[in-house]
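Presented sequentially are two complexes of chain A, the first with chain B as partner and the second with chain C.
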Partner chain A sequence: MISKPPSRSALLSTSAASIIVFLAVWELICRAGWIDPIFLPPPSAVFAKAMGMAGEGTLIGNVLASGRRVMIGFLAATAVAIPLGIILGTSTYARAAFDPILSFLRPLPSMSWIPLSLLWFGITETQKYSIVFMGTFAPALVYVIEATRNVDPLLIRAAQNLGANRWQVMKEVILPGSLPQILSGMKVILGLAWTCVISAELVAAREGLGFLIMNGKEFFQTEVVVLGMLLISITVLVTDFVFRVLENRVLRWQR
Partner chain B sequence: MAFSRRVFLHTVAAGSAVAVAGMPLAALAATQVKYGGSAWLGHYPAYLAMTEGFLKEAGIEQDWQSFGTSSSRMSAVMSGGVDIACTGIVSALALMARGAKQFSVIAIPENFGRVEGLMVRGGVKSIQELKGKKVGVTFASSAHLLVLDLIAKAGLKPDEVTVLNVPAPELPAAMQAGQIDAAAAWTPQFDAIRKQPGVTVLADDTQFSLYQSNKVTPGPDVLVVRRAFAEKNPEAVKAYLSAYFKATALLRDKPEQAAGPLSKLTNLSTEDQLAAVKGADWYSQAQQAELLKGPYIEGLQKLAELLVSHKQIDKAPTVKEWIDTSFV
Partner chain C sequence: MSQADTSSMISVQGISKHYGDFQALQHVDLEIAKGEFVVLLGASGCGKSTLLNLVTGFDRPTGGRIFVNGRQVNKVDPHCGMVFQQYALFPWLTVIDNVAFGLKMKGISKAERHKTATHFIEMVGLKGFEHKYPNALSGGMRQRVSIARVLANDPDVILLDEPFAALDAMTRQVLQDELLQIYEKSKKTIIFITHSIDEALLLSTRMLIMSARPGRVVTDMVNDLPMPRNAEVQLSPRYNELKSQIWDTVQSEVMRSLKATSH
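This part shows the complex of A and B:
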């Protein structure tokens, strides 16, 4: 006898219960004095801090500042990486020409761009966008190249045999074929963009979640540090959800 | 076979006894101290005490650990990774405000008020003229507090001056490239920016509001010890301090002699190194009791309250609860 698969509400209840138990155990450990609150603040302290900052209006300001930097840097990186990646994925010569440069760029962490970005853009918002851009561009490009190269060559040949020109092959075969993998890659890159924004906000930032975490660290305000970390996770979850909705709409044909 | 083994063991035992008897007492009883340092001026005494052999003479073996910021250093003290450290008071006050009892303040090494300040370009003559301008400073530092204090004293609102968070090593380049109109820094960046053409020092730490009343600069250095270490090794801490203050005496009385070994720590030229040593007032062991019990500590208390008023920390701790004069 095959058991019935669990309902969506049952799964949601299990997830909610696990969060509640996790928070309760965390609170209990802190209240019992087993962990010094300087090392790990209780969730209640983090919540109180969040409420205090929300009351002052600084909480949403920090989220929006980081969100803006992430989105601009990420969109700029994908706007360049997607067309370039498709070209490199379909042209052997272009790939041979660009591969050495990509190999040089790919291992560089976003933080390593700080000194140069400061010289190029000064202490401006553009400098922060550039850090997110440089931290996400190369990985995004690799995703797009791989997605394009993974399109079944049989489909391309079939389209060519049926008389499709280069543009038609690109539009009707390569682009739809690589889009699912490109979109799932972009979801990963969006998460990466959030790690880059922490580096971007190390220098000349007065607001943002990275700034919040670093400033909290300087003053040993661990509840601020944990709050900043939670806010990053929540924001990534929200953007991930939005991305999934977008993906479902764009790739409706695939289902 | 048994005979030869016995002879061998006796020989080893006798040899060891002779070797141990020949060793100086200090080497036998050497206590290892993990010290949290950096190339900053406040660590000169600990470094000199190590390189000049003062610590070895006192029976201390110092394990030098480098940290980029006071907060990282104090985190290491909290986690037990560092036993003794010199730190900017702001980090120590931030931890005191959180009720951290893991450390005590045991000495004040120096006063560096003349090698930290606010520098400007473009003919700015007063703090009021900074209205609408960009000031670069490392947030959560003594220089940051100096800037906030100067702005408040000049009657400017915090949002009338754009105060930007710039890490100390980036400040000279940012100032040179004209990305900021003013910079607040401490040595060696202070010296580097001051030398740039058209740059003048608008204010140094002696203009700080608490300097006149209590001789307290915005972020004086303090020497802290991990309490668990001090409770276990009280004599070692006393011995450490006696060696430490031999080094401050050398810095104060023979700066030329001190500058040589310090260049290896800081990579400064001998000339710049000598200027950095002479830029601070080095306190003696005899001055410590007065410093740790007198108006200086009241000044640190006021400094904590000032940090609260500038929203840098949530509440002011009772600083004297962290002061331990028993080792000096």
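This part shows the complex of A and C:
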């Protein structure tokens, strides 16, 4: 059976309808009184809360606080992981030296760093950055090493044959050659960075989306909890979109 | 002989190469003079590419020494520019930056290296494609870029490893003619690998026929077809005379290696 491929607008309206139906059912269940709003507030209440907080400025303030922590921790981790990963990916000796440390760091979830980071830095911004850094650095490094191994060895030969030395091969061939895979890895890492910052904020923070959720729970403001979760999703979606736009610009040559 | 013969551009002295028990090359001696266009001809597995990889320094010989322009090869040597069958262009660089790559490695300024690159891009007939990425080019055009990239680097020797094998017959013929013109203009020493007798006869000034198991040079013959040449040379009686002569040698070698591989 062969059917015509559906148009883009038909698919988009199907998705939109799905959201509307989902919200409507949720709203109706709450209105009908089947669920206590303490456990699940209706979407209208969440929306009203969002409007109220937006008016006070606390909505954007919490988004920005978490966003800043994610960006700083993520950028610091990638700034170290990319050059180090390229060196480790190309030098077997550096790899042998670093591998034991890496295999020790890799299985540690970011949550397990929270007690130490609190001891070292207290409830500070630095502590949040360090959690994001520790949670993303090892996986980022693994992505970069893996990406460098997929660079066509023929291109490395060609570059050496044209007179490139070891350093030039890394900078001019391995880095650009592994960039597509590094960037797609970084997209995953960015999602991971959000997980790290939220867990850090759930444990100890004075602002941020994780703090918002935890604070809402303390005061039985379930609509704040749901709003916080919604904001996390939206922010991650937006950063993912921005990242994809950047990726397309950097990798123009692939098209 | 402890020193390289000064009159020769490439001097291969008693080269052998083993991969474990497999003997890829057995005691190959070879002198190639400046300006020769040498074609290495042989069936697959006869060690042609192994020999080329030793001359460029990509690989180390098990025994023997190689000199290029008087210098012993002991690392990858940019004086031997290599044109690969699979083009090996950098997909993230435009045509002009691919061609200028070697000059960039030497630290030559952008303006100057782009000037040189433009000259060689025009020489291979790709004017107007300077700012395209390799993905946007056909196989024949990519191989032209690859040739221009090697020429721009001004090596002593140009090595081509079955450069036209992946191209269609028409494109191949055009590029063969272009390569002959480039050879006549640049007077570079060229080593070209192929398994096509026609390609060997059309391009070379000298042909080395190689045999497998173990890889060695079995016939070394001068190609006296007059230069400048083009595809029409294939209609001359001398061409056919040389062709049947080569075919006799190649055929017996191929039969021998077929027997050796069949069980």
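As a working rule, the second predicted complex is superposed on the first by the 237 of 255 C-alpha atoms of A that agree within 3 Å, B and C clash if a C-alpha of one lies under 4 Å from a C-alpha of the other, contacts with A are read in each partner's own complex, and residues count from 1 in each chain.
Methods note: contacts are C-beta pairs under 8 Å (C-beta built on N, C-alpha and C of every residue); 3 or more make two chains touch, one makes a residue touch a chain.
On a predicted model such as this, the values are computed, not experimentally measured, just so you know.
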Return first, second, both or neither, reflecting whether A:Asn215 touches chain B, chain C, both chains, or no partner chain. first
After superposition on the shared chain, which partner residues are touched by A:Leu118: those of chain B (first), chain C (second), both, or neither? first
Let me test your reading of the model: by the given contact rule, A:Trp253 touches which partner, first (chain B), second (chain C), both or neither? second
For A:Asn161 in the superposed arrangement: first (chain B), second (chain C), both or neither? second
For A:Val203, decide between first (touching chain B), second (touching chain C), both and neither. first
In the complex, go through chain A and note every residue touching chain B. 36-39, 115, 118-119, 122-123, 202-206, 211, 215, 217-221
Under the definition above, what is the set of chain A residues touching chain C in their complex? 152, 154-155, 157-165, 168, 172-173, 176-177, 179, 252-255
Of all residues in chain B, those that touch chain A in their complex: 69, 71, 74-75, 78, 91, 94-95, 97-100, 134, 136, 139-140, 163-167, 170, 173-174, 177, 179-180, 312-314
Of chain C, residues touching chain A in the complex: 56, 58, 76, 78, 80-82, 84, 86, 88-93, 101-102, 104-106, 133, 135, 149-150, 153
